[in-house]
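Two complexes come next, and they have one chain in common, chain A, joined by chain B in the first and chain C in the second.
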Partner chain A sequence: MNWLKELIHPSPILLGNGKSIQPKRSPSVIIVPIVIFLVLGSAIITEVDLVALFKRGYQFFVMIVRMIPPNWSYYKNVITPLIATIMMSVIGTLLGAILSLPLAFLSANNIIKNKWFLNINRGAFSIFRTLPVLVYALVFRFIFGPGAFAGTLAIGLFTWTIMTKMLYELIETVDMGPFEAIESSGASRLKAFRVAIIPQILGQYISMMLYNFEMNVRSAAILGYVGAGGIGMLMNEKLALREYDKLGLILLFLLLTVYIIESVSRLIRERLN
Partner chain B sequence: MIQFINVKKTYPGNVHALKGINLTIEPGEFVAIIGLSGAGKSTLLRSINQMHTITDGQLLVNGLDVTKLKGKELRQFRRHIGMVFQSFNLVKRTTVIKNVLAARVAEMPMWSSLLGLYAKKDKIKALEALDQVGILEKAYVRADQLSGGQQQRVALARCLAQDPQIILADEPVASLDPLTSQTVMQDFVRINKSLGITVIANMHHVDIATKYASRIIGIKAGEIVFDGPSSTLTHDDLTNIYGRELSKDDIKGDM
Partner chain C sequence: MSEAVRKKLKEAPKTWILNWIVVFGLAYVVYLSLPYIEFNGIFEQGSIIARNIILGIFKPNLSLLIDFSSKDAVPYLMLETVAIAFLGTLFGAILAIPLAFLSSRNIVPKKATYITTFLIAVIRTFPAFVYGLMFIRVTGPGPFTGVLTLGVSSIGMIAKLYVEFIEDLDKGIIEALDASGCNTIQKIRYGVIPQLMGNFVSTTLYRFEINVKNATILGLIGAGGIGGPIMFALGGYRWNDLGALLIGLVVIVLIIESISVRLRKKLAVGE
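Right, the complex of A and B next:
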C-alpha cells in the first residue's frame, strides 16, 4: 500500500546537492473518486441495464437492415416536408439572428454602463435560455395549432436566446478604441456601435448564424414529433406504421441534407475567419 | 478659446489627477503637453471634450461651460472637436473611406447611419480629408493593410471630416518610428497653419514636442509646472517636469 501513501502524502524529493522540496498532492486524489461516484450514481438513477443492452441491442441493426433498400418511389412524399424543415430553420434562424443584435447591444457590459439595467436584462433572458426548443414548440403548437409556423417560431425564439448570449460575449471582446473615437466625434452610442463595432463582429456574426442554422436543421427534424411541422411528423408516422423502407428513405435524405448544409456552412465559415 | 478655471479631477480612492488647473488656450495655437506617465496629461486632454468628466472647477470652450453639458448638447459640442489616439483607433477590418465616413454619422439621421447609407457630399468630404493628408489613393484599401504612419493619417483625416475647430491628440506618434513620427507631426503643423485648427497634443518625446509645437505645457503630478513658448523651455525646466535629469536616451534622437 506504499503507492497509496505516496499519493496522499507525497514524500519530499531530494536533489543531488542535498536540497529537498515537498511536492504538492495531486488534485486527482480527490477528483477521481468523485467522478467514479458520479458515474456510478448516474448509471443507477438512469437504470442503465447492460444485460438488456446485450440482449436487445442487436435490434438496432435489425431495424437498419429493414430500411435497406429504401423505398425510392416514396421520394415525392419526402421532398415537400424536407424543404419545409429547411425553410423552418432558415426563417427561424434569420428571425432569431436579427432580433439578437439589438438585445446583444443592450446586454454587453462595454456598451451599457448601467449595471442594474444590464443584470435585469441578462437575467430575464437567461431564464428563457434554460428552455429547450421542444418546449417552445409544444407551447407554440398549443397557441397556433400544429404545423410549420409553430416550429419556425420555436426555432426563432430559441436561436434568439442562444445568439444573444453568443453575440454579447463577442461584443465584449472587441477593440473599444474605434468606439471611443467615434463617440468623441459626437455620435451617440448606438451610432458608434454601428460604425465601430458592427464591422469588427460582422464576420463572426455571420459564422454564428450559420452554425446555429446547422443545429436548427437537426432540431427542426425532430420538432415534428410534437406536431410542430417538418419532416419529423412524417418520420413519426412511418415509424409507427413500421414502414421501415420509407423511413429509410427519409433518413437518407435527412442525412444527405444535413451533410451538405454542414459542409457548405463550414466552407463559408472558414472563409470568414 | 479654451479656459480651464481651477479644474480638479479626483478619482475614487482619493487619487488627485488634476489639482486646480488654470489654463487658457487661444484659437489656432499648437500646444504640446509633456510630463511623466500618470502626471495627468490624458485626463487634461480628455476633459476638454468631456470624454473624462472633472470633479471641480470650470471648463469653458468658446465661453460654453462644457461640464454642464449632457446628452444631445454634449454630442453637439463634441462634433467640433476631433480626436487622435496613440493606437489610431481605426476599425481595422474595414476600408479607409469607411473609417473616415464614420466621423460623419454624428450629423446624419439615425436610419441612414444604421443602414450605412452615406450621402454623396459626405463621401466627397471624406475623400477630400484623405487628400489633405496625402493618402487619397488608399481610400478603398482595408485599414489593416496600411503602415502605422498611414493609419495615423487616416485617423487625422477622420478628424478633418468632422470640420473640427480643435484637434486633441493623445500621444499621436508614440507608437510610430522616429522618421514616421516626424512626417505625421508635419501633417499636424500643416493642418494647424493652413486651416487654423487648434491642436493640443500629449507628447512623449520632448524633442518632437519642442520642434513642432509653438507652446509647451509641462505637467507634474496634476499641476502645471511649465507654460510657455517652446523656445523658452530650458534643461532645468525639463528636470523639474520629469523630476530628474533627462538622459540622451529619453530624447528620441536628433533627426
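Right, the complex of A and C next:
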C-alpha cells in the first residue's frame, strides 16, 4: 500500500542544494473516484449490458451491409427532398440570423446599460435556448401541420436563440471608440450601432451564419423524422419499409451535400477571418 | 458640417450597389424556396393547440414534476437523461481518441489522414436516429441503446476538435524529454498527456452539454431519456404533463450548462 500513501501524501523531494520540496497532491486523488462513481451510477441507471453488446454487436452492421450497393436508380426521388432540406436550412438560418441582430443589440452590456432590462432579456432567452430544435419541430408540427414549414420555423427559432448569444458576446468585444465618437456627435444609439458596430462585426456575423447553416443542414435531416419536412421524411419512410438500398443512396447524397456545404463554408469563413 | 468633414464623408466607400445586390440575392433565394416550404395555413385547431401548450407550461402537472419515487416522473427522467448523456459522451470521447490521433498530420503521413478524415465525415453525416435504429437491433429499446447512439454520434465532432489540439502539440517539450533520456511511455506521460488533457476534457464537457440536449432525439426511437415522454404527451394532448416535462428539460439543461461552463472556465485558466 506504499504507492497509495505516496499518492495521498507525497513524500518530500530532496534537491541537490540541500533544500527539500513538498510536491503538491495530485488532483486525480479526488477526480478519479468521482468519475468512477459517476460512471458506475450512470451505468446502473442506463442498464448497461455489455454481454448483449458483444454477443449481438454484429447486428449493428447488418443495416449498413444491406445499404450496399445503394439503389442508384432511385436518385430522382431524392433530389427534391434534398433541395427542400437545404432550402429549409437556408431560410431558417436567414430568418434566425436577421432576427438575432436586434435582439443581440438589446442584450449586449456595452450598449444597453440598464442591468435589469439586460438580465431579464438574457434570462428569458437562455430558457428558449435550452430547448433542442427537435422539440420546436414537434410543437410546430402540431400547430402548422406536417411539412417543411414547421421545420423551417423550428430551425429559424433555434438559430435565432443561438445566434443571439453568439452575437451579443461578439458585440461585447468590439472597439467602442467609434461608437462613442458617433454618439457624442449627436447620433442616436441605434444609428451609432449601425455605423460603428455593424461594420466591425459584419465579417464574423456572416461567418457565424455559415456555421449555423452547416449545423442546420444536419439537424434538418433529423427534423423530417418527426414529420417536419425535408429528406428525413423520406428516410423515415424507407426505414419503415426496410428499403435499405434506397436509404443507402439517401445517406450518400446527404453525405455529399454536407461535405460540399462544409467545404465551401469553410473556404468562405477562412477568407472572412 | 465643416468642409473637412464633408470631404471625408465623400471618401466613404460606396456600398449601396453591393447592398442592393445582397438584398436582391436574398430575395431571390427566398423566392426559390417558396415551392419547397409551402405555408398551408395553421393546422386545424393549431391555434388552440398553441394556446394549450403555453397554458400547460404555466400550469404543469405538479404530481409528475415533483414525484421522486416513480420511474415515469420528471426527476427520474432528468436523471436518466443526464446519465445517458454522460456515459454516451464518455464512450464517444474514448472512441474519438485513436481516431483523432490517426487523422493528425503531425502523427501520421498526410495522405493517410485523408482516409481517417473522410471516415470522421462519414460518421458525422449519419443522423443520430439512424444510429439509434441500428443499435436497437443490438440491445433493444432502452436507455443503453441511447448511450451507444449518443456515443457514436458524438465521435465525429469530438474527434474533429481533438485533431486540432493534437496538431497544435508543442514538439519542443517532447524533444526536451527525449534529450533528458525519457522512454516513449514517459514521453507520453509527461510530454503529451499534460498538453492535451485540459483541452480534451473541456471539449468533452462541451459535447456533454450538447448531448444532454440531444438526448431528446433518442425519444424518437424509444431509447430512453425525457424525449419519449415529451412526444407521447404531445401526441396524447396531455398539455399539463407536457408542461412539466418541458420544465424538467429546461431545468436540467440549465444546470448542466452552468456546471460545465464553470468547469471549462477553470480548465482554461488552470486550477
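Everything that follows uses one rule, which is that the second predicted complex is superposed on the first by the 273 of 273 C-alpha atoms of A that agree within 3 Å, B and C clash if a C-alpha of one lies under 4 Å from a C-alpha of the other, contacts with A are read in each partner's own complex, and residues count from 1 in each chain.
The working rule: contacts are C-beta pairs under 8 Å (C-beta built on N, C-alpha and C of every residue); 3 or more make two chains touch, one makes a residue touch a chain.
Just so you know, these numbers come straight off a predicted model, no measurement behind them.
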Combined model on chain A where chain B meets chain C, clash or fit: clash
Touched partner set for A:I260, first chain B, second chain C, both or neither: neither
When both partners are placed on the shared chain, which of chain B and chain C touches more of chain A: C
First (chain B), second (chain C), both or neither touched by A:L239: second
Partner chain in contact with A:L40 - chain B first, chain C second, else both or neither: neither
Partner chain in contact with A:G177 - chain B first, chain C second, else both or neither: first
Partner chain(s) touched by A:L7 [first = chain B, second = chain C, both, neither]: neither
Partner chain in contact with A:A187 - chain B first, chain C second, else both or neither: first
Residue ranges of chain A touching chain B (in the complex, touch as defined): 175, 177-178, 180-188, 190-192, 194-196, 199-200, 202-203
Of chain A, residues touching chain C in the complex: 27, 38-39, 41-43, 45-49, 52-53, 56-57, 59-60, 62-64, 80, 83-84, 87-88, 90-91, 94, 126-127, 130-132, 134-135, 138-139, 142-145, 147-149, 152, 218, 221-222, 225-226, 229, 232, 235, 239, 251, 254-255, 258-259, 262
Chain B residues within the chain A interface of the complex: 49, 51, 75-83, 85, 87-94, 98-99, 101-103, 105-108, 110, 113-114, 116, 155, 158-159, 162, 168
Chain C residues within the chain A interface of the complex: 26, 29-30, 32-33, 36-40, 42-43, 46-47, 49-50, 53, 79-80, 82-84, 86-87, 90, 121-122, 124-130, 133-135, 137-140, 142-144, 146-148, 213-214, 216-217, 220, 224, 227, 230-231, 234, 246, 249-250, 253-254, 257, 271
